[in-house]
Structure formats: C-alpha cells, structure tokens
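Order of writing sets the labels: A, B, C and D. Residues in every chain begin at 1.
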Amino acid sequence: MDLGIAGKWAIVGGSSRGLGRACAEALAREGVHVTINGRNAEDVSSTAAALREKFGVEVREVVADLATPAGRDALLAACPDPDILVNNSGGPPPSVFVANTPEMWQSALENNFLSAVDLMQRVIPGMRERGFGRIVNITSAMVTSPHPFMTLSIGARTALTGVAKAVSKEVVADNVTINNLLPERINTGRQQQMAELTAAGKGISLSEAYEEISASIAAKRLGNPSEVGDACAFLCAANSGFISGQNLHLDGGSYDGLI
Amino acid sequence: MDLGIAGKWAIVGGSSRGLGRACAEALAREGVHVTINGRNAEDVSSTAAALREKFGVEVREVVADLATPAGRDALLAACPDPDILVNNSGGPPPSVFVANTPEMWQSALENNFLSAVDLMQRVIPGMRERGFGRIVNITSAMVTSPHPFMTLSIGARTALTGVAKAVSKEVVADNVTINNLLPERINTGRQQQMAELTAAGKGISLSEAYEEISASIAAKRLGNPSEVGDACAFLCAANSGFISGQNLHLDGGSYDGLI
Amino acid sequence: MDLGIAGKWAIVGGSSRGLGRACAEALAREGVHVTINGRNAEDVSSTAAALREKFGVEVREVVADLATPAGRDALLAACPDPDILVNNSGGPPPSVFVANTPEMWQSALENNFLSAVDLMQRVIPGMRERGFGRIVNITSAMVTSPHPFMTLSIGARTALTGVAKAVSKEVVADNVTINNLLPERINTGRQQQMAELTAAGKGISLSEAYEEISASIAAKRLGNPSEVGDACAFLCAANSGFISGQNLHLDGGSYDGLI
Amino acid sequence: MDLGIAGKWAIVGGSSRGLGRACAEALAREGVHVTINGRNAEDVSSTAAALREKFGVEVREVVADLATPAGRDALLAACPDPDILVNNSGGPPPSVFVANTPEMWQSALENNFLSAVDLMQRVIPGMRERGFGRIVNITSAMVTSPHPFMTLSIGARTALTGVAKAVSKEVVADNVTINNLLPERINTGRQQQMAELTAAGKGISLSEAYEEISASIAAKRLGNPSEVGDACAFLCAANSGFISGQNLHLDGGSYDGLI
C-alpha cells in the first residue's frame, strides 16, 4: 500500500526511543522526512543516524524537553512547517489520588496535555493553509479504561482527547485530520523494566514475568512497537483524510466497551 | 420517593444562582443541610435565606472563589465533613482554539478541573471512613459532543470526567459514588442573556429568540433548572449507591451518540 | 421527592418477580396503577394482590408470554393506553458463539428485541398524542461490556439499544422519553440460583458463594432490586422529561469505560 | 507499507459493486486472492475479470444472495477456508418506526445481522486453528449516530456490533481480529442516485445536489470508495493483529461523540 506521503515532513515527539521511535521509523520507511526529538542527545543522534541510513530520508535532531516552551520553540525552529505531527510523551508515574499535589497535577498537564495543545495550535494554521495535515496523538488505553492509580495521566490525556475531538471537527474540511492511538502493553523499554521488576519482586524468571503481563491482554501477548508505528503511518496516509476524530485502541483487543 | 438523606450535609459549589442553586434547593427540599457558595455576598445571603425559610434546613454561607486555594479552604472550614459534594462552576467563554493563550488554559483548568479535583481529594477520605458519600459534578454536554469553540471548557471538563471515573471505581466499595450531570440549554440566567443577545442582534422578539434556541434541542424546549436539581438529588439518594461513574445527560434527548 | 405520576397507568413486563416486580413496586409506591405480567398465574396474582394491599393502587393482571404476538395483544387489551412502559424479560442462557443455532438467535431476538420493539411501536403514538410517555427498557450491562458467552443476549439487547436511541430523538419533543437501565448482579432469584450452584459446585457455603459473586462488582456487594426500582421510577417522573436516550448502569460502579 | 497478506484468501460480501468492490480491490492490490459475490451475474463477472487483469490474483465468483442459507453455503463452498472475511450488504430503506412490520424487521435482521453472524460462526473455527484471521464488518455511521428513520438498519447493525465485540475478545488470542468500518456518505452508486433524486426534486443541478450532500459532512466532501478499501486492507494486514474490537468511522470526521 503506497501511503502517498513520501517527501512530506513529520515531527515526532519523544522519538529517540520506544513508541515515538516506532512511529518515526514507520513514517521514514514511507519516505517521510522526520524530526527526531528526545531529551538525551546520544539517543536522538543514534536514532537519527539509523533512520538516515536505513531509509535515506532527511532527519533533523532536536534535543529538547517538549514540556517547556523553549523545547517546543526549538522543535518548531527545526521544522517550522510540518505536514505530520505525532504528539508523544511518557506519562506520569502511578500515584494515590488523594495524595496528588498541585505540582504533580501541573506537571502532568504540562507534559501530557498543554505541550501537545501548544504544538497543535502552532502547526494547524499552516497545515490548513497548505491543505494537508495529519496529527496523531499517542494517548493511552487509560483514557477509555481509567484506573484509580493513574489519575495524573488520565486527567491530562483525557483533556487532550476532548480538545482533539473538538478541533478535529473544524479542521478536517481543510484535509487536516486529528486522531489518537491508545496503546496498551507494547513491548518497549518500559514494559521490559516492568517485567524485570516483576521477576525480581516475585522471584520468577523474566519469561515468566512476561507471561504474567501477557495474561492481562486479550491477545495474550504484548504488542510490538512496529504495530503502533504502522497504525500511525496508516492514519497519516494521503488516502486517510476521511478518518478523523477517532480513538484507535492498540491493545490486543482488550478494551471492554462496546464502542 | 423518600431519598433517605434528611439530616445529611451538602456542599454545593456556585449555588447562589443557576444550576447550583437548583441542586441546593432540591437537596434542601429532601431535608439536607446545605452549604451555599458564590462570589457575590448578596446572592449567597438571599439564596441561603430563601432555603432556610422554605425548607427549614440549616444553611451555611461561604462567599468565596473556589478556583483559589483560599476559597476552597473557606468552604471546607464551613463544612468540614460533607456527606454530599456538588462540584459546579461556570465555564470559560467560547474562544478560537489557535488563539488560546497559556493563561486562558490555566484559568479554565483551575476553574473547571483542579478546583473540583482538590475538593474531591479532601472530602473523599472522610466520606469513605463514614461509609457514605455522594459526589456529583456538573459538567457539560460539551464533554460528549465537543465543539470547536469550546476547547477551554472541554479540556477542563473532560479531564474531570476521566479522573472522576478512575476514582469512582475505587471508592464505591465504601458507598461513595461519583457521577456527572451533563446539562445542555437549561433555562438559567445564562440562557436568558443569550436569548436577549440573539433578540437584539437579529432584531427579533425575545420569545422568537427563545424559539430559536429551543429548536437546537431535541425536546424543542429549554430545560428547567429544577430538572437538573431533581436529577442531582436522585443521584445523592441513600438508595442510589449502586450507581457510580455515570454520565447523565440533561439535554432534552439531544445527545447524538449510541451510548 | 414527589415524582408527579400518581394516577398514571404503567405496563411492566415480566413483573411478577425479580427486577420487573421491583419496578412495579416502586411505581405503585408513587401512586401509579400498574399492569402486572408474567407467565405463571400464581406469581402474577400474588404480586398483584401484594401491590394492591400495600399501595392502594389499581392493579391489572395479564398472564402471558410477551415474546408472542398473542401475549402482547392480551397485555395491551388490559391496558390500552399506558403512560409508562417498562420492557423487561429474562435473557437467554449463556452459549458458545460458534454453536448458536438459527433457532437460538430467533428466540433471543423475539424475547429480548422484537417484543419490546412491537410494544414500543404500539404505545408510542398514544403517548405522543397525550403528551406524556415514559419508556424504560431493562437491558443489561452486557450491552456495554459484551462477553463472549452471552452473544445471544448481546445481539438482541444491543439491537434494542440502537433502536431505542434512534426513536428517542424523535419522540422527546412530545414529552415521551426512552431510557435503558443496565443492571449487573442484582440480588434476585437468578443470583440466588447462581450462588447455590456455585456453593454446591465448589463445596463452599452459600455466604462464601455470595462473597465470590460480590467480589466481581466494584461496590463489593450485590445490588438490591429496590435500587433498580427506584431508578426506574425516577426516570418515569414527570420532571424527568429532559432525560432521554440514556443508558444508566446499575452495576455498583463496575462499568470500565469512560463514558 | 507491505501488508504482509499476499497469497491469503478473502471472501468479500456484496463485492461486485460499491464499498464491497472497493474492499476487494484494495485486498487484491496487496496480492490477496478474492472471492467476489453479488446477486447480478454480470456485475460479478466483470468485477472478477477486472481484478484478475489488474492485480494478477486468483478470483472466484459466487452469484448468490447471502441473506439466504443457500447463498452462504455457495459462498463457503467456493472458498471454504478464508483468511479474511469482509461482511458487507446494503441496508434496508428508510422507514417510519411505528409502521415497521414484523416482515421488515425479519428481513433487516437476516440481511444485515444473521447472515454476517452465520458466516462468522462458520469461518472462525478454521481461522483460529490456522492462527490467522481478519474479519471486517462494514456497518454504518448509523450505529453510533442512530437516526429515527433508519431503525431497521440500526437494529440489525447494532446487534452485529455487539456480537462482534463479544466474540472479538475471545478469538484475538489466536490472531483472529474482528473490526467494524462505519462509512458515511461514500461516493458510490447509492450516493449518485441520491444526488440525482435531490437534483430532480429540487430543480437544481447535479453538482449543486452533490454540494448539498457534502455540506452534511464535516470534511465538506463525500468519501471515496478507495478510502474505505484502504482502511479495510489496513485492518487485514499481518501487522494489525493487535487491533481488534474497534469501530472505525469513515465519515469525514463527522461523528459527534467524544469516543
């Protein structure tokens, strides 16, 4: 399937590792030039090098924390007119709701809501003018299946979901789409850490720990980052302009609800 | 129907007027003592007097802006152990998404998300200990039908919806419920203002303006504040403890979606 | 709370026992005359007698299977112009999807979809003409949290949910509302049977079996039939005319989804 | 993007024209052998010939009405072990709810629910055994935005949505996914008829009629059949096995709801 986006420019947040990197790779594979971002210069640089070599696309590197205005300025300075924006940033750690401090709420909102909103505000006018835009927010299965220990993440990501839907209704007429991907248990470094912690804590082997995690997923396995990357690339395709305002679960069929 | 809550204590945010007052009245009618709040001392005082006279319950008055920590401190000082908490505050005005400033986002989050969250964090431990609690958040039909001009409201209220759902799953085992009411086009002072503006702007009569607004509702009429008040009181009933984590539209059947 | 429906007439399907009886009782308590239905003459008669004695309302008795056209004819002959219709019928047993026969599908559709639809088609015109109608469908938490073993029930009840929503949008303008109640683990005879089966099967006590069932509910208890009855009565209130097309879970806060 | 399904076998219902044909084409383009079905022998044959010539895949032809058991038998006789099943059949015409006859309900259920269910029941065991299966149901935007005039379609398609979700939870562990596509205003022959009717009825030009239809879509245009085909192909990809139980709107961003 030719996605029809070769030569476009993408910004992918938090793309030196994990889900963001998987999205950047899938886009680069389709011939999209990508702007790689992360907080660790070495990771950014090695990911950028790998993508250049493997896919022959242009890759720009921005070492920055996108939760800060300066970080976002740097990002947009490197790629002022992106055709594709993938908002992605790691979520806050679990917490006990009644013990959440104002600082914890603020940090979660800045990391997982306000930064994405600011980037959308700044890239959407250009996308509309040029008649092409694809925005994909990597949110979380927590949005549709909220868990009591994840209120910080849920508040921020659900806010983003609401705003994205509202804005999507207006901009789709200019061929700018906004969709969200809701991953759950994708086999990134984060799940590896969790498996290691589980193995150490329970005195079981690493593969037993993985099995335990897999049992919580309807598909009885973890997802591969490339499955998230491919879904992201599909939503960014030229021929995907009739799909907008959608929440696509990447959760091995685990979401319990009807719709 | 005896709601079984006579003698309980309620806090109702923004209850000197409009939807908040309607909720306070419905609770007072059922014998609930209420803590009335508003930013205008005269409104608070006249509402409190009216409720005392009409229903013979105790009424405490707190003139405060609940978007501020000091305002919330004053509220909880007046009623430290509420059995019922109704979170209610007027939403931000319409805006153009790409022109929203960081200050506008922050203000919306403080008014319509963080204040409600802080009050929930502070009253839930006592409710759980006492084995009874009813929390009702007045959100908006904008949560489930987001509109491009209302992103400020949507971000804040959708965040609250997510957090409320997450927390509800944990606290219901202690007979503490958290539900949301989603009103649309209730005939409060706000709709009267809108009708007057519409009438003046279009050179039509006030009743013609009301008809225009009514036409946007499936029921072809505006809702009465007492309809919101009764729904709130019902969710706070002793026998409503099996209902939690719900979003109840009070919109004249206008919500388009299946679920 | 005065529901404002004393003197109205209600039809409650499958109301000689269980959830249907609880709805009939709650309505009768509010002064509503009720038409009791069931397939067992003795149950119908004893329920009717109990309601007459306890609440002093008129009660009509219809022994009939509402899955048959003749049964529905008998029901409407007894109460041709109901103000309130509560559709309620027990669901099909669990099954293995790939082994479902055409007869099993047909039976499920007739019992839990087509019978309710036919009654709605026949009572709605009169309700609209008279400017008052309240329809409540007792569906199931399976509609929003479908389980692989309950496909027969899910197909029928989800169909009803869709049709009810569609029709609700049109009839609310005439003060006819249609809402669904989604119960889960209410302590009726059915749950008692399940508890007995569990106790016998596992060699545990009945109260241990009840504890096991309760653990599957977020509230850590079963619901009381009167909680369903009160919710039904509330939705039928005169002042509930702005609430329509809603799905209200009565599940101890167990539903996992955001909305 | 290589979908990784070249050489697989697909059954596509109602694929001699319209959306079904678009799905068959997109799959054939990826190297999938397809079984074409329709009720008109000439249409089936010409579509089959076109696909063979254009994509060089094997194409089998089944002239049959899939609403009948004999039609489904013929289909499965032609392709007993499909890797991919696309359920698709035209919906019933608009109707007035209270005037729906039992025959109309039965016909809708057979055409748009029971036929798809029967095919799923018969192909799923083999898919599970072989460890690969992709089922896509073409339903309708009416499922999530029910309209009063479309109750026949809504009843049947919502039932299918519920059953598909229930079953999806069980079979995904064997790499069998079930997802639904919800198209709205795709530019097939059906929309062309509607535009012609509108043009004739209102005395406007065909392009004015198209503009009127387009105005009802957030994207302000009709969708192209190839947009549905590509989405279908993506969901059938080898690397889409972590996506199941999803409802993907293909509606130009028109769906109003949050989730």
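Quick note on the criterion: contacts are C-beta pairs under 8 Å (C-beta built on N, C-alpha and C of every residue); 3 or more make two chains touch, one makes a residue touch a chain.
Note that the structure is predicted; figures quoted are calculated from it, not measured.
Here A-D and B-D are compared, and the pair linked by more C-beta contacts is A-D. Matching C-D against the pairs in A-C, A-B or B-C identifies A-B as its interface repeat (over half of contact pairs the same by residue number). Computed centre separation for the pair chain B/chain D is 43 angstrom, with centres defined by C-alpha atoms. With centres set at the average Cα position, the gap from chain A to chain D is 30 Å. Chain contacts: chain A has residues 143-144, 146, 158, 161-162, 165, 169, 256-259 touching two or more partner chains.
For chain B in complex with chain D, the residues that touch the partner chain are 143-146, 158, 255-258. The residues of chain B lying in touch with chain A in their complex are 97-98, 100, 102, 105, 109, 113-114, 117-118, 120-122, 124-125, 142-143, 146-148, 150-151, 154-163, 165-167, 169-170, 257-259.
Within the complex formed with chain C, the chain B residues making contact are 1, 3, 26, 29-30, 144, 161-162, 165, 168-169, 172-173, 175, 177, 218-220, 223-224, 226-227, 230-231, 233-234, 237, 239-256, 258-259.
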